[in-house]
Amino acid sequence: MIVVMKNKAEEKDVKKVENRIEELGYRAHTIQGTNKTVIGIVGDLDRRELVESLGGYVEIEKMVPIQEPYKLVGRTFKDTATEIKLSDDLIIGGKKVVIMAGPCSIEGEEQIMETARAVKKAGASILRGGAFKPRTSPYSFQGLGEEGLKLLKKAADETCLKVITEVMDPRDVELVGRYTDIFQVGARNMQNFYLLKELGHAELPVMLKRGLSASYNEFLMAAEYIMSEGNYNVILCERGIRTFEDYTRNTLDLVSIPVLKNLSHLPVVIDPSHGTGDWRLVGPAAKGAVAMGADGLTIEVHPEPAKALSDGQQSLKPAKFESLLEELEGIAEVSGRDL
Amino acid sequence: MIVVMKNKAEEKDVKKVENRIEELGYRAHTIQGTNKTVIGIVGDLDRRELVESLGGYVEIEKMVPIQEPYKLVGRTFKDTATEIKLSDDLIIGGKKVVIMAGPCSIEGEEQIMETARAVKKAGASILRGGAFKPRTSPYSFQGLGEEGLKLLKKAADETCLKVITEVMDPRDVELVGRYTDIFQVGARNMQNFYLLKELGHAELPVMLKRGLSASYNEFLMAAEYIMSEGNYNVILCERGIRTFEDYTRNTLDLVSIPVLKNLSHLPVVIDPSHGTGDWRLVGPAAKGAVAMGADGLTIEVHPEPAKALSDGQQSLKPAKFESLLEELEGIAEVSGRDL
Amino acid sequence: MIVVMKNKAEEKDVKKVENRIEELGYRAHTIQGTNKTVIGIVGDLDRRELVESLGGYVEIEKMVPIQEPYKLVGRTFKDTATEIKLSDDLIIGGKKVVIMAGPCSIEGEEQIMETARAVKKAGASILRGGAFKPRTSPYSFQGLGEEGLKLLKKAADETCLKVITEVMDPRDVELVGRYTDIFQVGARNMQNFYLLKELGHAELPVMLKRGLSASYNEFLMAAEYIMSEGNYNVILCERGIRTFEDYTRNTLDLVSIPVLKNLSHLPVVIDPSHGTGDWRLVGPAAKGAVAMGADGLTIEVHPEPAKALSDGQQSLKPAKFESLLEELEGIAEVSGRDL
Amino acid sequence: MIVVMKNKAEEKDVKKVENRIEELGYRAHTIQGTNKTVIGIVGDLDRRELVESLGGYVEIEKMVPIQEPYKLVGRTFKDTATEIKLSDDLIIGGKKVVIMAGPCSIEGEEQIMETARAVKKAGASILRGGAFKPRTSPYSFQGLGEEGLKLLKKAADETCLKVITEVMDPRDVELVGRYTDIFQVGARNMQNFYLLKELGHAELPVMLKRGLSASYNEFLMAAEYIMSEGNYNVILCERGIRTFEDYTRNTLDLVSIPVLKNLSHLPVVIDPSHGTGDWRLVGPAAKGAVAMGADGLTIEVHPEPAKALSDGQQSLKPAKFESLLEELEGIAEVSGRDL
């Protein structure tokens, strides 16, 4: 942490801040510049937020953090890529680019069975589908709840797929955990800290989606919440951020792939469906993601998008999905990956 | 809802969409333009999201919602301003601009008692303070929990102030409700739908803070979640949005005051402390808010900001707070309000 | 400037950077932290950008600027508020809140004469109106050009108002200067550096509008371009920034008033018309601006908004404008200002 | 254009607007919904902005544009991809992904010659380099001007490369045109309409960079300015937009590639150097761009980034650039393109 003093800070002001820093158990290292005085704080800055309270000093202009705020998610803590093993031949974060696919919402047995068979045939490994749906409107379809989870699990079992599904309420972690292989935390819940802590005690991996306006730091700190409670199997998922551009549903930040992989050892999955909100853009976005090193993709597939209860406009039909996976194979191969 | 067909849509494509609309129970009203065909959907669009599933049709270019998505929060439902009565002489949404003040976090008995006395003396009506703190880092001070709630309640009782405090977990609604007069929902939880639903069944008013990147529509829809469960006493609180400008902690959207009051009958409170993140800017922001018609302000006050465990840089000292309230009185008066 | 070395930087890497810094004529002051090494660069950092080229070193993680990049616009250079005198009793940046008003575009003699008389009567001091219009579409009305300037000047002369109008092309500075009292630089041209330089040689004051996504620093640096060429009479104008919220045309950043006044000595004017894009919001925004310390307002007024060739939806009718100014007077007075 | 009337609009209000629409030469087609009345405007909406002036009617809630505002740049005008031929075997917009490379600024003969040779050897077709530099600070290196253009041209000629360089001032179009093969318009000048018009009369192709906060529509309208003056050889260049995320210099919007290609027939080039601002991210971003269908890349290469006068941190060394092009070849091939 670097403390920048105000332009007109006098020696006694600097002294006061230095004393406070040392009172807090750190060493203060002052540089007297031509116009500005800065104070470097040296020590093991575990009590970062405490130090931030220095902000109350009127003589201080600003404080500049130097060290990344996270520990467990960072490359300093662990420099090899984390591999999350779901079965002997299904590892997220390994050589294979893992494909998760399925409908936005589970709507009924026929729909989920048909989709499961289609995505399995095309080459997906994991079946996705929502039983608890975060909806902007209280009047929208909220999902089938446990009934949906049962259908999802059944469809996955019959097709030998693994399951990923969203959990929204800390009280539902145990329930959802009975039916899923991976917990999904949605973008709106990225900083639902009680949910994150609850998942930190769970046995299953967690795929954490980046919040609509979450910085990389905040995203990684949310993963840190889960890891700090003991669950180290966290997957980061970029699904588009909110910007001024509203032609697409979100702005998919594909450069987050190399950024997050530079900063963290956790696997990175891309969601081109929510990231673009438009089935015509899902294919190009998926190709970019694989070329840029994504460890997986989560793609919405619906047997009849025009009749979907949610997200029809961003869902692929099975045939289109199948031909996309074929195209992705070529890109994966030249990128040193498998699909 | 207006459906815009693609440029080259043929008559049979238009027919197909018209049929689907009527299948869904609405009337389709088609306008054939020079280059574009648009279809107006007429009827009581309760099943808005269902209609959105039309998005799966490849012949459709886009759909444009015409009607506001909310009902209970809107001016169409209720055109007179909602007044929330906390006591005989304390109404939020009435003539008086209500002042909520106190520390970011409750840190101990002495701190909260001292602050309570100071803000009461200056003219505040409601004591604020966090016992459960949403913190970006799991290693930051997370609040004193129930112990904090007890201290807050005690300080408020001794100074005849009402209490507002944050609830983050749906499992804590009952607990927090024992100590507070108003529930606060933080910006990060604005779309924590399970929490909102739980609060929809509570007896006490709820102050809902706007999410960091929530549009007005999303903000109002979150309030709709609470109201749709039966709790009509909702207060909207603007506390700054996230933009490209990072000199201030957030960009305080003061124009939201007239916008929200045009769209909704609910009271609007401004948080200049989080909205700016800088105690030097709190005063000007508070003045603007009162001049623009805010129904209340929530301001962080700390007896010794330099030693605060959180948010020291945006907290006012009691003396500064007191002189601010004096200045606000003049603005309230020329604006036809009391303070 | 603080250079932050990568986590694994070795002593020789640090040495290399230190040497380069000293080669460039500065002193390097290194702090060895627990995990990070940072190097403070001390000296008169005129060659800021040169120093930035250090970024090419792979051993460096990032560089953190400490000093503000501007000189002439800053409080360090001049700590008293700049007053720009247009006539004996018309000063921008003084006690009086200066009102600029008029139509978006000059459309004809009758329109501009009628508007001039109306805004004069209501209490405005300066007549605004565009003769050269920056339009998103090449097919939109582009303004009347010199003919418009003549009408504007004539209307202002007959009503004893001063004139402000936009200049878009460096080749038009001389032409526009013949008719105006203040040059206006539009948001889209805030970083049209050749235009800024040309205006730096002009005799007349310049009102510089903040770019749609310009940070405070970039805004002030654009003013610095003008001042660095010798023209010290620069007025800063906030007119709304671009954010994710598109209900309003822009997000009016009213907190920029105290921020810019803390950082700079230049006067600050607010444009509530472009800032909100909606005539119903202009009044509240103007009130907030005066309460927060704005030195002036620029407001669009049109005798018949429904027939305006541009910006009809954000223009006030003369009667509404007049009653707004009356309301503003009260706020100005309690804020220690005149209107 | 769809006009949405306010909730309480009466028949006479609707009539008034209908009359005005027909006065303007269009047909009004009214749909009476359950709560809302909307009016579709039918006709050849050339006078779009005129119609917008309807916004002045207080009975209107909003107007929703249905038709895209551009003509010449759109797929409706021309449905085949535009190919811009620079020489017999160099076409932008054809099968080959065209590589433009070179330093940010031309700094001297040795630097530009060395870079030209290196990028030619690696496989680039076009040499880039700035002689007129748009710099945030007036005190930063502003480029070598005509001297730089001469060096650039000389280096390109000796290595059989084509030239692209930026023009910032409408007065310099003729001068720059003597040395370059393609004009570049920088992001800050995307809406410098006088410059765009001037380039609309030029003989050479123009590469237009997207503004920092320009929507797709605004970007395409800026291209329309050039085309509407007669120059049809326009190349669109995405170079990153401004968002809340400041870890990277900009947020590179790679999804713009399929979006712009759906909306327009013009070629799309990606700038991964400015788009990320970090040489470590240039490679992954370039790979994504090729996989997603970009027609070209513009990449900053500097023989000694650590000593560059600008943008050192985002420049590749020649060796790194060469190996990147090799990797891109594989991706281009599986995507049905050449490099």
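Think of it as A, B, C and D in the order they're written, each chain with its own count starting at 1.
One rule holds in what follows: a contact is a pair of C-beta atoms (placed from the backbone, for glycine too) under 8 Å apart; a residue touches a chain by one contact, two chains touch by 3 or more.
Chain-to-protein mapping (UniProt): A, B, C, D = 3-deoxy-7-phosphoheptulonate synthase.
What you are looking at is a predicted structure, and each value in this text was computed from that prediction instead of being measured.
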Relative to subunit B, chain with the most remote C-alpha centre
D
Set A-C beside A-D; more C-beta pairs touch across A-D
Taking each chain's centre as the mean of its CA atoms, how far is subunit A from subunit C in angstrom?
39
Could you give the separation in Å between the centres of subunit A and subunit D, each centre being the mean of its C-alpha atoms?
31
Subunit A residues touching 2+ other chains are 213, 217, 242-244, 246
Footprint of subunit A on subunit D - complex, ascending:
213, 215-217, 241, 243-248, 251-255, 257-259, 262, 275-276, 280-281, 284-285, 287-293, 327, 330-331, 333-335
Quick one: which bits of subunit B touch subunit A in the complex? Just the residue numbers, please.
20, 46, 48-50, 52-57, 69-70, 134-141, 168-171, 188-189, 191-194, 197, 212-213, 217-218, 221, 224-225, 228-229, 242, 302, 304-315
Residues of subunit B touching subunit D in their complex?
2, 4, 7, 29, 31-36, 38, 40, 42-45, 64, 66-67, 75-76, 213, 242-244, 246
